[in-house]
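What follows is a structure written as structure tokens; I'll ask about it next.
Think of it as A, B and C in the order they're written, each chain with its own count starting at 1.
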Amino acid sequence: MSKNKKRKIKDLFLNAVTYLSSAVSLVTLLAIIIFIFGKGYKLLNFNLVVENFESQGYVADLYDTGLYCGCNPTIALSDEAFYSQKWGIALTDTLDLLGKTVVMVEYVHPDSPFKTVHDKGISGEPIPMRTDYDIIRIAFDAYPTALSRYGAEAMIDALEANNSIREIEFETEGGGIRGSIITTLILIALTLALALPIGVGAAIYLNEYAPANKITRTLRMFIETLTGVPSIIYGLMGLAIFVPLTVRLTSATGGNLISGAMTLAVILMPIIIRTTEESLKVVPDDYRQASLALGASKTQTTFHVVLPSAVPGIMTSTLLAIGRIIGESAALVFAIGTAIKDDVSLTGKSTSLAVHIWAMMTDEPANIELSATIAIIIMVIVVLLNIFIKIITSRYMQRKLGASS
Amino acid sequence: MSNQKNGAFVIEELNLFYGTKQALKGINLDIPKNRVTALIGPSGCGKSTFLRTLNRMNDLIPNCKVDGLVRYHEEDVYAQNFDVIELRRKVGMVFQKPNPFPMSIFENVAYGLRCQGIKDKTILQLAVKQALIDAALYEEVKDRLKESALSLSGGQQQRLCIARAIAMAPEVILMDEPTSALDPIATAKIEELINELKKDYTIIIVTHNMQQALRISDYTAFFLMGELMEYGETSQVFSHPKKAKTEDYITGRFG
Amino acid sequence: MTTNYQKLKVRSTARGRITDRIAKTIFMSTAILSASFIFLIAGIVLIRGVIPFTTDNLGIGRVSLLRFLTYDVWLVGETFASNLYGVGFIIISTLFITLLSLLISFPVGVLTALFIAKIAPKPLAKILRTVVETLASIPSIVFGLFGAGVILKLVYDFSSSIGYQSKGGNSILAVVLVLALMTIPTITTISEVAIRSVDKSIEQGSLALGASKTQTNFKVVLSSAKSGIFTAAILGIGRSLGEATAVSLVAGGRRAGISFDILDTTSTLTTIMLEGLKETTGIDYDIRFSVGLVLMVVILLTNLILNAIKRKVGVVNVKE
């Protein structure tokens, strides 16, 4: 029976290789998740989402002089923190994102006079003092200025020794992704506004109106070939056509969100057309014929009978499109640019979340932590989108099966 | 009839369940060697299910439970460490719809041998040629052995499947309604082939066509609702059925 | 029936007909617009891409097409002042890298598909399928980040352990690994569909002949699904050739010299397009379109060749 033995060994080997191969996907996914969560978790906080990317310096003073806190901290402070009971503020020595030693605000008591400070600069606005801001110096009336160079403990001692401060100079932490989030949202809205009408319209034409002849087949083929074009080439097109176009028509001076959205719209078009067509196909012909037999026009039939049934499919294609927009990087690098901005305008440059990662990773030095944090946000959104898509398609399937049973 | 030395298969008290539904009830049967045994009965009576217990193809169906004895060469095929693969080599099967592999004619017939580990080209060529001859197909395909098996007609494909099974040098050939998907001429060819084959093989054939059973089988087993109603020599079962239900089926009163 | 009613009927049908015609025209124009984009893209890349070869490039001089396609060095001379560009070595590197990554992703992808479709118990198959779908929806920049953070380190450690000094891990090996990981989900999903659609009776036929389940899977099921699996490979290759941002974070930006040493840095057609994009103008800007043109030609040619092979593989049933 040695032939059998040989076969059994061969089978075992093949099975082992198969199991190993399947493990690769699982291991990869786990590795990616562990990596981005491990690296990015530290920076994941609400400040990140609302802060500017550029750190901003302020010179400010207190609103109420003569008001003190005299309070204890409401949370547990770290061992390296120095706390002033008089003022209700805790400072610590730490490294900033560039590796420089800075004095950082670790905690501000709600009753502390430092909670909201008054901008001595042009705006004169109140500025909230947030944790993670860096204090550069605190100046007093008849006392040597406390500089960050001397460390957090010295600064706290100086605070305790004084009953009034002249001014405080500090820096917001920067690294916020607010600009990129806004950009991403604008891109999604604009792109969908452009791509959905054209895509759904084309799908309706192909499925409802077009005769089954060579011309239609050629049209379909041209649309299908778009899917084989890598996104970087779309970027080239955006750069060469849409950027000059928008520069001509608006106040833009280079890559801008509109040209970016137009480029993305072209990328998404074949996907939207395909998904919408599929959902249009599922609508039974009986519906159409019933409507026409009642004397409704073709247009009425399309809008009142066919499209509503195809809505789940259109929703699915929208969700797919959103996922694609959030993840797209190469095309936008060309079609908009890589300048991270805090004030976002339609005619100005800015980065989407994905391009933000690209810009940071191609900088010197590459900022992996912040990139990983953004990646977490992107991944969570993408996974949620996928779940929604699954819910829609399964409910849609159930309804269809129920209808035809 | 129940001489164990002459029996290819001896079945004792066979019960089969698909989950909670019982498909075979207390089957007792001896299948004689080198004869054609036909299994007849209305659809859903369990004849195909029974056929598949003989080469344990039922194992592929989830939730399928078998108890009772199915003896082949004195051994219970459902025993703990029974070599199913060896069983299937000795007990070949031809399916209702011809199912040749998407490979060349030669490769189809050689497939089982290759799986056994036979690589020698000369051996394979001889075996394939002989199997095709025994299946009455060789003359028609001898010049195009490297062509795809899918280019053959339905009847030819079925004979190819028979050749494929014969190439394994089995002792028993199970046939599950082998001609129901074929036209009358192809059917006739295969029935003729079966008559030739029974000299060397035990053949068990499921058929819903009673004329076919009459034409080609030596013994007939009539199944009804999972039970073996009657079993005996074909001539006797058809002319003097012992049970009323058998007579009803044969005369076409139902089924 | 009053005349009023008949008039009403005629009016509404006439209006209906006009609306229909307008609607049809609108929809048709969106379809034609969608179909025209491919020409827009091909056209603009062609026009801009050809400029360096046909014009004077503002005094710098024409770029020689032959040299461009065959030369071993990306740029000889000063940027913005020289016309001596060459992508020859990059074309070869790109193809080499794609081939290597396919050598990994194809077997792994197909076997994973086989596992999910035929071998794994239902709950495990469902989990694995979700895993693969999730991997497929991860944006390429995240893969690039993963590559820069994890794979570079692995390659660097590996290379130092065998005594080779790699440039921070940036290497052909790193690119191949990242591309392979990105392509596996694509190949798996399409192959799984192909494997699932193999007729069950063929499987049963094989088992009835005494073949083991593994033999059946490898000898019959995989070969029956050949055509779909081949399509999966073609799509995988397309994705590898076009991948840009993920690859550029691990490639190392090699600017000259063809190398097949997997621990050497490299460039691909896409990464060279991305390089130094932040400040570029003039000929350096136009030349990227030329590279894009080359990329499109390469993709087109590989698709044509592979599809021709696919047709051959499907028609003639090759001996096992």
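Methods note: contacts are C-beta pairs under 8 Å (C-beta built on N, C-alpha and C of every residue); 3 or more make two chains touch, one makes a residue touch a chain.
All values reported here derive from a predicted model rather than from experimental measurement.
When C-beta pairs in contact are tallied for each pair of chains, A-C comes out on top.
The most centrally placed chain, judged by C-alpha centroids, is C. Centre-to-centre spacing of chain A and chain C amounts to 24 Å, using the average Cα coordinate of each chain.
In whole angstrom, the spacing between the mean C-alpha positions of chain A and chain B is 64.
For this pair, chain B with chain C, the centres built from the Cα atoms lie 50 Å apart. Residue positions of chain B touching 2 or more other chains: 85, 115-116.
In chain C, the residues touching two or more other chains are 212, 215. Residues of chain A in contact with two or more other chains: 7. Contact residues on chain A toward chain B in their complex (touch as defined above): 3-4, 6-7. Across the interface of their complex, chain B is touched by residues 199, 201-202, 204-212, 215, 219-220, 223-224, 317, 319-320 of chain C. Contacts from chain A toward chain C in the complex involve residues 7, 10-11, 14-15, 17-19, 21-22, 24-26, 28-29, 31-32, 35-36, 39, 197-199, 201-202, 204-206, 208-210, 218-219, 222-223, 225-226, 228-234, 236-237, 240-241, 266, 269-270, 273, 295-300, 302, 323, 326-330, 333-334, 338, 354, 357-358, 361-362, 366, 368, 371-372, 375, 378-379, 382-383, 386. For chain B in complex with chain A, the touching residues are 85, 115-118.
Across the complex, chain B meets chain C through its residues 55, 57, 60, 85-89, 92-93, 95, 97, 99-104, 106-107, 111-112, 114-116, 146-149, 161, 164-165, 168.
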